[in-house]
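Structure first, then comments.
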Amino acid sequence: MSAKASPRSAASRRSDSASRLDPDLVDDLVAANRTLARLNVLDAFGHVSVRDPRDPHRYLMSRSIAPESVTAADILLLDLDSQTVDPKDDGKLLYRERFIHGEIYKARPDVNAVVHSHSPTVVPFTVTRAKLRPLLHNAGFLGLGTPLFEIRKAVGDGTDLMILTPNLGKDLAKKLGKDAAVVLMRGHGDSVVGPSLPNAVFRAYYTEVNARQQLAAITIGGPINFMTRAEAITSNEAMLRASARPWALWRKRALAEL
Amino acid sequence: MSAKASPRSAASRRSDSASRLDPDLVDDLVAANRTLARLNVLDAFGHVSVRDPRDPHRYLMSRSIAPESVTAADILLLDLDSQTVDPKDDGKLLYRERFIHGEIYKARPDVNAVVHSHSPTVVPFTVTRAKLRPLLHNAGFLGLGTPLFEIRKAVGDGTDLMILTPNLGKDLAKKLGKDAAVVLMRGHGDSVVGPSLPNAVFRAYYTEVNARQQLAAITIGGPINFMTRAEAITSNEAMLRASARPWALWRKRALAEL
Amino acid sequence: MSAKASPRSAASRRSDSASRLDPDLVDDLVAANRTLARLNVLDAFGHVSVRDPRDPHRYLMSRSIAPESVTAADILLLDLDSQTVDPKDDGKLLYRERFIHGEIYKARPDVNAVVHSHSPTVVPFTVTRAKLRPLLHNAGFLGLGTPLFEIRKAVGDGTDLMILTPNLGKDLAKKLGKDAAVVLMRGHGDSVVGPSLPNAVFRAYYTEVNARQQLAAITIGGPINFMTRAEAITSNEAMLRASARPWALWRKRALAEL
Amino acid sequence: MSAKASPRSAASRRSDSASRLDPDLVDDLVAANRTLARLNVLDAFGHVSVRDPRDPHRYLMSRSIAPESVTAADILLLDLDSQTVDPKDDGKLLYRERFIHGEIYKARPDVNAVVHSHSPTVVPFTVTRAKLRPLLHNAGFLGLGTPLFEIRKAVGDGTDLMILTPNLGKDLAKKLGKDAAVVLMRGHGDSVVGPSLPNAVFRAYYTEVNARQQLAAITIGGPINFMTRAEAITSNEAMLRASARPWALWRKRALAEL
C-alpha cells in the first residue's frame, strides 16, 4: 500500500488486509495489560504481548505507554525482529525492551504470550540467594525452573540492566531455556511465558503471589514444605485448564472499565 | 417436571416447588462470596456454601465462577454427594472441589456453612512448622484446633493438591475432626466452618487477620502471649454472637454494589 | 418528656432541649468514625467518642454499629456511667465496651476524646515483649508511655478479653495512668485518648503507622534510634497543633462521601 | 501594586504580571502533589515544589494544606528565602518546613524540583544502621548517595525533628551535598530532588519502592546483590529520560480526578 522507503525488509511487510488485527485478540491484550496493572504486577512500566495466531512470525503489543492506559488503538503488530509490520505504524514509539518478546518467540515455539514486569515481590528474589520455588498449588509452574539472568555476567558491569538489543534478548531467551515459564532478571523483575495469553497473565500474577507467600514462610522460619517436582508438574497441567476462570472475570472487568 | 434420564438418584430429586430457594438465603450467599473477595480472603478461586435450613441433606453454592462475580442466578442446590438436585441445573459447570463442602456437611451436623479459600497469609502457615494459634480475641475459634491436611500423606506424591473426589473430601473432613473450625490445607489454603453463614464468613476473615498478626509477632520475636484455651473458648462463644455486627455491614455493602 | 420508669437516675436526665446535640460536633464524630475505618485503624469493630463540651459529665458516641456506617442519626449522648441520657434512646443497642470511654473520662479530666480499636499492627505489640516506642516524629506522644493492660492479670484466665463492666473500665483507665495517650490491650488492640477529637484521631492513626515502621525497623535489625524523651515531648506539643491539617482533609472527605 | 508595608524586601517583589504563574506548570505541581498522595508517598503531610523556569530565584509551592487536596488556586510563588512574592499572598498559611526547599534551591543550581515526604518505608531506614542502597534499576539514583541528616547532631536533643528555620534548611542542604538525589531525615522521612518535576516525583516514588524491596531482601537474608556504582550511574541516566512515561500517565490521571 505504501511505496515510501523503509529500513525494514520488504519481506516483513504485507498488505493492510493481512495485517488487520483480530479485534477479540486485541481486546484480550488490552485486558491483559490493564488487569496486571490493577493487580500490581505491572506498574507504569512493563509490557505484555501475544503471538499472532494467524502468523507465528508476528506478535501483538502496545506502543510504548503505561500498561494501565493501553487501549485497542495502541496495539501494534511486530515481526520477530521486533520491528513494526504495518507502514502506518512507522515512527510510533516502541517499547525499548521489546526484544525480550521477539527473541523468546523465536526460541520457544510453544510460547504464545509473554509478560515482562517489575513484579515487586519478585525483585528481592533476584538479588538474594534464596531460590524462588513453588509452595502454592496455583504456582506449580515455578517447578519448571526459575533461572536467574544476571546481566552483569552476560555483558559486564555498567549497564542500566535493561534488555535494549536483540542480542540481550537472545541471551535472556537462552537463560529462560526450553522448559521454564519464568526467567528472573537481576535487579529488574521477570519475564513470564505461557502457551496462551490467559495462562501467561495467570502465571505472572501467581509468580508474584508465590513470592509474597515464600517471603512470609521465610519470616515464619524453619524448613519450607515446597511442592515436589511431581506435584509441580501435575498442578501446572491443572492450572493450564483452570486459568480460564480468573481470566473470564479479569477480562470482563478490565473491558467494562474502558 | 423433567422426564429425561439422569445419573443422579431419583431420591435426590424433588419437584421444582420443593427446590425453590429462599431468596434471603440466596442473597446471604451472594453477599458472603462478594464480601470475602473484597476482603482479599477469596481471590478468583475459592467457594462458599450454606446448608439448606429446610433440608439438612442439601446445601447451596454458586456454579463454578469467580466469587466476586456471583449473583443470585448462579446459586445452585446440591445434595450431600455434591450433585445438583434440580434438573434445570444439569450440565452447569460445578466447582471441582465441591466435595469439601458435601463431605464436611455429612461429618459435622453442627456445621451450617463452609468457606474454602486460598487465604493468602494462611498458606505460609501450611508449609512451615509454626502452628497457627489465636492471639487476637476475634480469632478465639482457632483455639478449637487448626489441624493440617497434608494431601501427600493422604494419597501420596504427585497430586495437584486439590480435593477432586468424594474420598479426598472425606479425608479432609476427618482431619477437620469434631471440634475444629478450621482445617489447613498444605500449599493450598484452608476450609473454615461455622454454625451459621455469618459466623463462617467472620471466621474465614479473622483466620486471615490472625495469621497476619502472628506473622508480625514472629517478626518482633520472643515468646508470643497466645490466648489460653479458656480464653479461646470464651471468646469463641462471644464472637458467635458478635458476628452479627460485621455481617450486617458486609451484607448491606455487598448487595448495594450489585 | 417521658414519664415511663427508667433504671437511670433522674439526675442524669435533662429536657430534650438540653440534650440536643451540637450538629457540628456530631458531624465531627461521624467523620472520625468513617475516617479511622477508611484508614484501616477501625475494622467492623471499635468505637470513637467525644466529651460533650457543654457538660463534661457526658460524652457522645454512636449506637452499636460498624464505624464505617455511622451517620448523624446514630449518635447518642451518654453519662459517665455509660448510660444513655435521652429517654428516646431507651432500648437502643449500645457498644458493650462503652465503659472504656466513660471510665477514662472520669479518671482523666484532660481527655476529651477516646478511640478504641483493634489497630492491626498494634495487636502484635500487645502479645510480645518489645515495647512500642516512638520513632516517627508524628508519634512523639507514644513517649508519654504505652502501658499494657493484661486482662488475665486483672481478672484472671478465661475472659473474652473484652471490657464489659464498669470495673474493667476502671482497671483499664488506671493502667492508662495520668500521662499516657495510649493504653495497649493484650490480644485485643488499644485505646487512644486526646485533648480533642482531631488529636485523638490523629494519635490513633499514627500509633498504627509507628507500629508498622517499628516492625520494619526490627526486620532491618540492629539498635533502633528511637526518639528521646525530650524529642517526644516537643514533638507531641507540635502535633497537638499540627493535627488540624490532616483533620481538615479527613473531615471534608468523610462528610463528602455521606 | 501594593503600597502597604511588608517585612519582605522591595527587591523580592515584582508586578503582578511578572508573578503570574505558568498554568501548565501549576497543573504539573497540582498533579505531582496528588500523584504522590495517591501512591502513598505523601500522607496528609509533606510538600512538593518546582523552581520557576523564568526566574531561578523563585519557586512554586502550595499553601499549607494536605497534598491530596491541592488545586491550582493554592499554588504560591516564593523567593529562595521562602517568603511569598506576591502581595496578594500576604497572610496565607505557608508550610512551616518550606525552608527545606528554598535552601536546597540555593545550594544546588542543578535542582529544579524538591519533594519532602514521610515516605513510610524509608523512615525505618533513617533509624537503623542499614544503608538504603539501590537494588531496583529504576532506583539507580540512590547510588548517588543517601546521606542521613541527624537533627540531634545538628542542633542537639529536644527538637520536634522538623526543619523550621532557614539555618536548619541550610544544614539539611549541606548534608544532601552536591551529588545526592535523596537526603534521609532521621525519624522523619526524606527530601528528594531532581533536575525536573517529573523526575523528582519519579525518584520520590522509587525511593519508597526500593526501600520496600530492600526490606524484603533483608528478610530473605544473605548478601544482597546491590547495583554497582557504574550500574547506578547508567541507570540514573536512563531513568532521567524514562521518567516521562509514568509522568504522562500520572499527570493525566491526577488532573482527570479534579
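The chains carry the letters A, B, C and D, assigned in the order they are written, with residues numbered from 1 in each.
We take it that a contact is a pair of C-beta atoms (placed from the backbone, for glycine too) under 8 Å apart; a residue touches a chain by one contact, two chains touch by 3 or more.
Since the model is a prediction, treat every value here as computed from it, not as a measurement.
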Legend entry - Angle, in degrees to the nearest 5, of the Cα rotation that carries chain C onto chain D: 90
Inset, instruction - Quick one: compare the interface residues of chain B with those of chain C and tell me same or different, with half as the dividing line. - result: different
Legend entry - Farthest-lying chain, centroid of Cα atoms versus that of chain B: D
Legend entry - chain A and chain B: spacing of chain centres that average the CA atoms, whole Å: 34
Inset, instruction - Express in whole angstrom the distance between the two chain centres, defined as the mean CA positions of chain A and chain C. - result: 49
Legend entry - For chain A, residues that touch 2 or more chains besides their own: 219
Legend entry - Residue numbers on chain C that touch chain B, as the complex places them: 43-45, 64-66, 68-69, 118, 120-121, 123-130, 152, 157-162, 186-188, 215, 218-219
Inset, instruction - State the interface residues of chain D toward chain A in the complex, per the touch definition above. - result: 135-138, 140, 209, 212-214, 216-217, 219-228, 230-231, 233-235, 237-239, 242, 245-246, 248-250, 252
